[in-house]
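Letters A, B, C, D, E and F mark the chains as written, and numbering starts fresh at 1 in each.
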Amino acid sequence: MTVRMDQLSWVEYERRVREQSPVVFLPCGATEQHGPHLPLGTDALLASALCEDVARQVDGLVAPALSYGYKSQPKCGGGQHFCGTTSLDGQTLIALVRDAVREFARHGITRLVLVDGHYENQWFVTEGIQLALRELGPSSPLEVMRLEHWDFCSESTLSDVFPDGFPGFALEHAAVIETSLMLHYLPNLVSLDLIPDDGPADFPPYDMYPSRTAWVPPSGVLSSARGSSADKGLRMARDIVGGIADAVRKEFRL
Amino acid sequence: MTVRMDQLSWVEYERRVREQSPVVFLPCGATEQHGPHLPLGTDALLASALCEDVARQVDGLVAPALSYGYKSQPKCGGGQHFCGTTSLDGQTLIALVRDAVREFARHGITRLVLVDGHYENQWFVTEGIQLALRELGPSSPLEVMRLEHWDFCSESTLSDVFPDGFPGFALEHAAVIETSLMLHYLPNLVSLDLIPDDGPADFPPYDMYPSRTAWVPPSGVLSSARGSSADKGLRMARDIVGGIADAVRKEFRL
Amino acid sequence: MTVRMDQLSWVEYERRVREQSPVVFLPCGATEQHGPHLPLGTDALLASALCEDVARQVDGLVAPALSYGYKSQPKCGGGQHFCGTTSLDGQTLIALVRDAVREFARHGITRLVLVDGHYENQWFVTEGIQLALRELGPSSPLEVMRLEHWDFCSESTLSDVFPDGFPGFALEHAAVIETSLMLHYLPNLVSLDLIPDDGPADFPPYDMYPSRTAWVPPSGVLSSARGSSADKGLRMARDIVGGIADAVRKEFRL
Amino acid sequence: MTVRMDQLSWVEYERRVREQSPVVFLPCGATEQHGPHLPLGTDALLASALCEDVARQVDGLVAPALSYGYKSQPKCGGGQHFCGTTSLDGQTLIALVRDAVREFARHGITRLVLVDGHYENQWFVTEGIQLALRELGPSSPLEVMRLEHWDFCSESTLSDVFPDGFPGFALEHAAVIETSLMLHYLPNLVSLDLIPDDGPADFPPYDMYPSRTAWVPPSGVLSSARGSSADKGLRMARDIVGGIADAVRKEFRL
Amino acid sequence: MTVRMDQLSWVEYERRVREQSPVVFLPCGATEQHGPHLPLGTDALLASALCEDVARQVDGLVAPALSYGYKSQPKCGGGQHFCGTTSLDGQTLIALVRDAVREFARHGITRLVLVDGHYENQWFVTEGIQLALRELGPSSPLEVMRLEHWDFCSESTLSDVFPDGFPGFALEHAAVIETSLMLHYLPNLVSLDLIPDDGPADFPPYDMYPSRTAWVPPSGVLSSARGSSADKGLRMARDIVGGIADAVRKEFRL
Amino acid sequence: MTVRMDQLSWVEYERRVREQSPVVFLPCGATEQHGPHLPLGTDALLASALCEDVARQVDGLVAPALSYGYKSQPKCGGGQHFCGTTSLDGQTLIALVRDAVREFARHGITRLVLVDGHYENQWFVTEGIQLALRELGPSSPLEVMRLEHWDFCSESTLSDVFPDGFPGFALEHAAVIETSLMLHYLPNLVSLDLIPDDGPADFPPYDMYPSRTAWVPPSGVLSSARGSSADKGLRMARDIVGGIADAVRKEFRL
């Protein structure tokens, strides 16, 4: 039985909404460079795959991913100077999220989770949710959870995955976490032999605009993806999927 | 070799853009009721499948589909009262298209095709393209083609597919064309046994708002999908794919 | 007794709204090239004249026309490269319609008809209505009808007006329908001697941006206006006016 | 020979723009209560009539009026609580003006005059012009004049028209100036017998929102229209038309 | 005891709102040239100082000033060609005011006064208030006063301050009123020795865009500031502060 | 000699811009609850004070602060349910920043630093900068630095300031860092005796909307401010001011 909303007829979707009050997951991705070894769709593909795993655990549904996200920034996604990175203005993403949330409320959905797979999306997704809720008014029964999926990796997992120390999520772009999760979910789309040798990027505590492209490794990889493995991906996926499922059960009283 | 942009690394994408000046196809879909027998994602799924077939013929690339489209209208998509239909405001879709076109221009793409699979999207997609081109200015080398895929069905095909007469594209929502194309491309997502008996809807030459939901068959199917077949889908897909490929070769001088 | 709202004092308008609950008609026009023989104001002038005729039949009122419309497109209005065509961005037209609808609701109008005389306006007018109704909320008594006036020409009229076959509304820009209606309503503004010899334009099933101006006859006329006459105009006006009046009576229960 | 742009074909308009570099006048009106004796369209009707007179003097052209304006305010137009007053949001009017200016620049117009007939429009018209000019860039040859027409009444005329002292333009809503100008231009639309007895409104030096409707005479007339006459209208029209024509000749070097 | 909201803790602010229903004053300023003798912040500094004086009289509170305002115009602020003038688009200022008003309503504030110190702000502030009130709906208890502070100078004060005749508020930019008020409130920021000799600017009854910078004295002072004094400033401040306090007591029933 | 732009005349500002090409600092604050012991204006006051210290070191100028910021979030600022917190929509803040940056570019400023003192502002400030730079085009000489001031505290300072371990910037709302900096800069606005006993908030790795207000300590303080001191404030201010000054010198080649 599929959990993908786009594969269900409206009749089946409506029945499930009416009878089961399912949690709907909306993956928020991007089309963004992820180094020479990962595909441009990584953020949307991973967020979707993780959502599907969670949905199976909690009898939820997964809406079509937002495949385009906010502008890539040098210190977390490499920046807008990369060919292939295809980004939205902040206001566009805000409106996209607002409209989607408004529609799910119209369907009768009361439990919605926006699973962000692209660091730069966070605040625009937040604003979109808040604008929709303001419009829906205080009597709306809709509750929305918002999260970045990597925040559910446990500390013990991170210390095992990064035996030499975790460089922080900021540099984890196209690096060990994303590469390992892709090896777990979509190994055919990973080119292990193309992982670059770039050391971790070293960014100052400020941003410059126009972007200082020299700060970013030419590969677009902010810290090395070496050491990635499907096993690590599986372990992190378990943390993330289990963690989100637990959060959903708790907050939505399932 | 994949034609899907989201499965390519930026390095490979950049190489192809630089060396081959490929045509990029952007499928514009929707999440919209398509009767009890077709999935909510039909418009995006079909537009994407057709784009991939065309791209293979012309060495092009297919960008991630816009999975959400403009508000469904009673006379062409059933209307916004259906559960599951998940739509955007006009301004949101305009901005989404504008941003995407702007970004492809930054990549160095000079040949872009927006393939619309959702009737209601047309004018907002048009406006998005025009706003992007205004912003890019007259010296930009970008040329954009915009089309609805069904307009490439030949008259002879339509007369064969509809031996009792073609009811017109307006009523062809979740009906023989879309059902046959889905049977050709994604038969597992079609529930032939659930095709409703609804006769063709009979709409007056005006619209009413709030929508007169009684005008629309409760199933959401505007004319019967009976008689759909994978063979008919194949025949129409050949028309559409071949027609778009020819148009692309002609207009983009390939 | 005038039906034009702009010629009534507010005191008289208010009395009629309070006592008679009249239908208000809002003509949606454009300022757009209509060949060498018709004036730039054709769309607004015709929509206004037709609205006044309908209003007289149903004791309605006609609001000042929207004199500027959405951007002209090559395949239905010649395109934006013509001098004199003066168009609005989509978002501007959406907002204009939304604001006007909101205000009529405030007046206590419950029956509003937007009569579109410019093909390109359709979807932006639709969105403006929908945004206003969303804002007004489900308890508002306002009902809105939206239409393109030419859709009320009967098939028998069209077959008489076009003895060699009707080329379709798409090519009927500055052609027989509009020229005949202008000869009926405003003959002084028609220069019959300047009707060009251009044969019908032959457009492919796609659009190109920037517009391929070579597709469009230099005159701006998409199919010949030869054969236009005031008699044909009268006959079509009768269809349109009678048809809209009937629709209004039926839908607004007059 | 007409000066109304909407009555010219594009061919004739284009010829005049190319050969004569004419001044284009854009009347900016409103649909707003003007007491029991003047019609709702007064602002657009007067601005258009004055523009046509000026255009005849300087071989200019008059574009279709903006028939809807910014929200009526109690102290200059009576306020938004009157039935019949039909107003736009500020952003809508800004966009409308911006789009129109952008289009006249595309036509090759270099001399544009926005003639405001509705006090409340001023700043939104100003912003629309400035946004258009920013977009057109510093190399655009377009020059734009903006004015309120009543500011061209000379002091000697005002002292003759108001023998008991001029109450100021702020209170001149539906009062002697507008009534006299309407008696000059469109006497059939004036109901002299309905002029109310309301004395001049006495407003404090601040505004209150929601509007204090008790501040405004129930008739909507802010100071008495008694003493209005076609002769006074003629005299003021001469001042205004002559004054604008002189300004246009001076600033546009005609 | 401070009246400045930004110096209060939220706990103290909340207590006062709950117990005292205080009037909140929001100064609306600008960052704009004020000649060689007054600082760029004059409008925000004066509006804030006056608000604080009024607030002390009526036990009110003063919110942080809006330090940036609408674009300076030649005839009232010198224009946008001056270095240092730092202005907002109309839509930005509208949104800023709308958001602020919405938030004060959420706090439980029912008495809000927007004190404008920058002539060009007026209509955008007005629109912001109206948009917020529309959103809050008719059941909101919020009442908003809006004013320009100089309008509270009494005629007798003006005739004393300008023994040679009052040139009108329009030319009072960086002139006697503002300079005297600054000498009263913030004398250290006034450079009396730098007051220029420019005579009063003489503007025609229309505007030109792009701005005719030659119309504006190079100093940016529209009429002479000579004769300014702290005494005059004190006298005008008394009028303004007393007048606003009286208005507030009357309209808000204190 | 003042570094505050609002205290300079435009003549002096223009001279400095022309002769010295100074760095301009724009503090980005908020009006937001900061517990019972810190004032609502803390973010703008601190950002301004730090900017002034840096400006004195590098001969720069400080523009008037943005006193209102993006909506407070529970996990970093307590959330929007606090009385006194006065926030902007995302789009408003984006536009405010875009307009300001555009204006500084017009002045001839080529070195601009946006110093953010409110965590929630980050991405909207980023978008505002990027929109302005897009509009200014690639030939603009403007370079913009963007930063959160607390990121310049050195690790050694943090380990001294937090002998029991640094809880992370996320929880540092109205806590030791802000309280100590306020004790250093504006001790009169700190009520040390009102510091609450609340332990550190413990947030899950996701957000809920509508906000779960029970997650947030009723005081609004996210971790204890106990242990704050002016000495700690001085030490951190030295880090921050010195760090920003160094960054500015390096990136702007001073």
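Basically, a residue touches a chain if its C-beta (ideal position, glycine included) is under 8 Å from a C-beta of that chain, and two chains touch if they have at least 3 such contacts.
Composition by chain, UniProt nomenclature: A, B, C, D, E, F = Creatininase.
These numbers come from a predicted model, not from an experiment.
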| item | value |
| --- | --- |
| Subunit D (Creatininase) to subunit F (Creatininase), fewest steps along touching chains | 2 |
| Labels of chains that are neighbours to subunit B (Creatininase) and to subunit C (Creatininase) | none |
| Self-contact between copies subunit D (Creatininase) and subunit E (Creatininase), residue sets same or different by half | same |
| Winner on C-beta contact pairs when A-F is weighed against E-F | E-F |
| Turning angle required so that subunit A (Creatininase) lies on subunit D (Creatininase), C-alpha fit (0 to 180°, nearest 5) | 180 |
| Inter-centroid spacing, subunit B (Creatininase) versus subunit A (Creatininase) (mean Cα positions, whole Å) | 26 |
| Whole-Å gap separating subunit B (Creatininase) and subunit F (Creatininase), where each centre is the average of the chain's CA atoms | 47 |
| Per-residue overlap in subunit B (Creatininase), given as positions that touch at least 2 other chains | 89, 91 |
| Complex contact set, residues of subunit E (Creatininase) against subunit D (Creatininase) | 70-71, 73, 89-91, 94, 120, 122-124, 126-127, 129-131, 133, 138, 143-148, 151-152, 204-210, 243-244, 247, 251 |
| Sites on subunit E (Creatininase) touched by subunit F (Creatininase) in the complex | 4-14, 17, 31, 33-41, 44-45, 63-68, 80, 82-89, 91-92, 95-96, 98-100, 103-104, 106-108, 189, 191, 194, 219-220 |
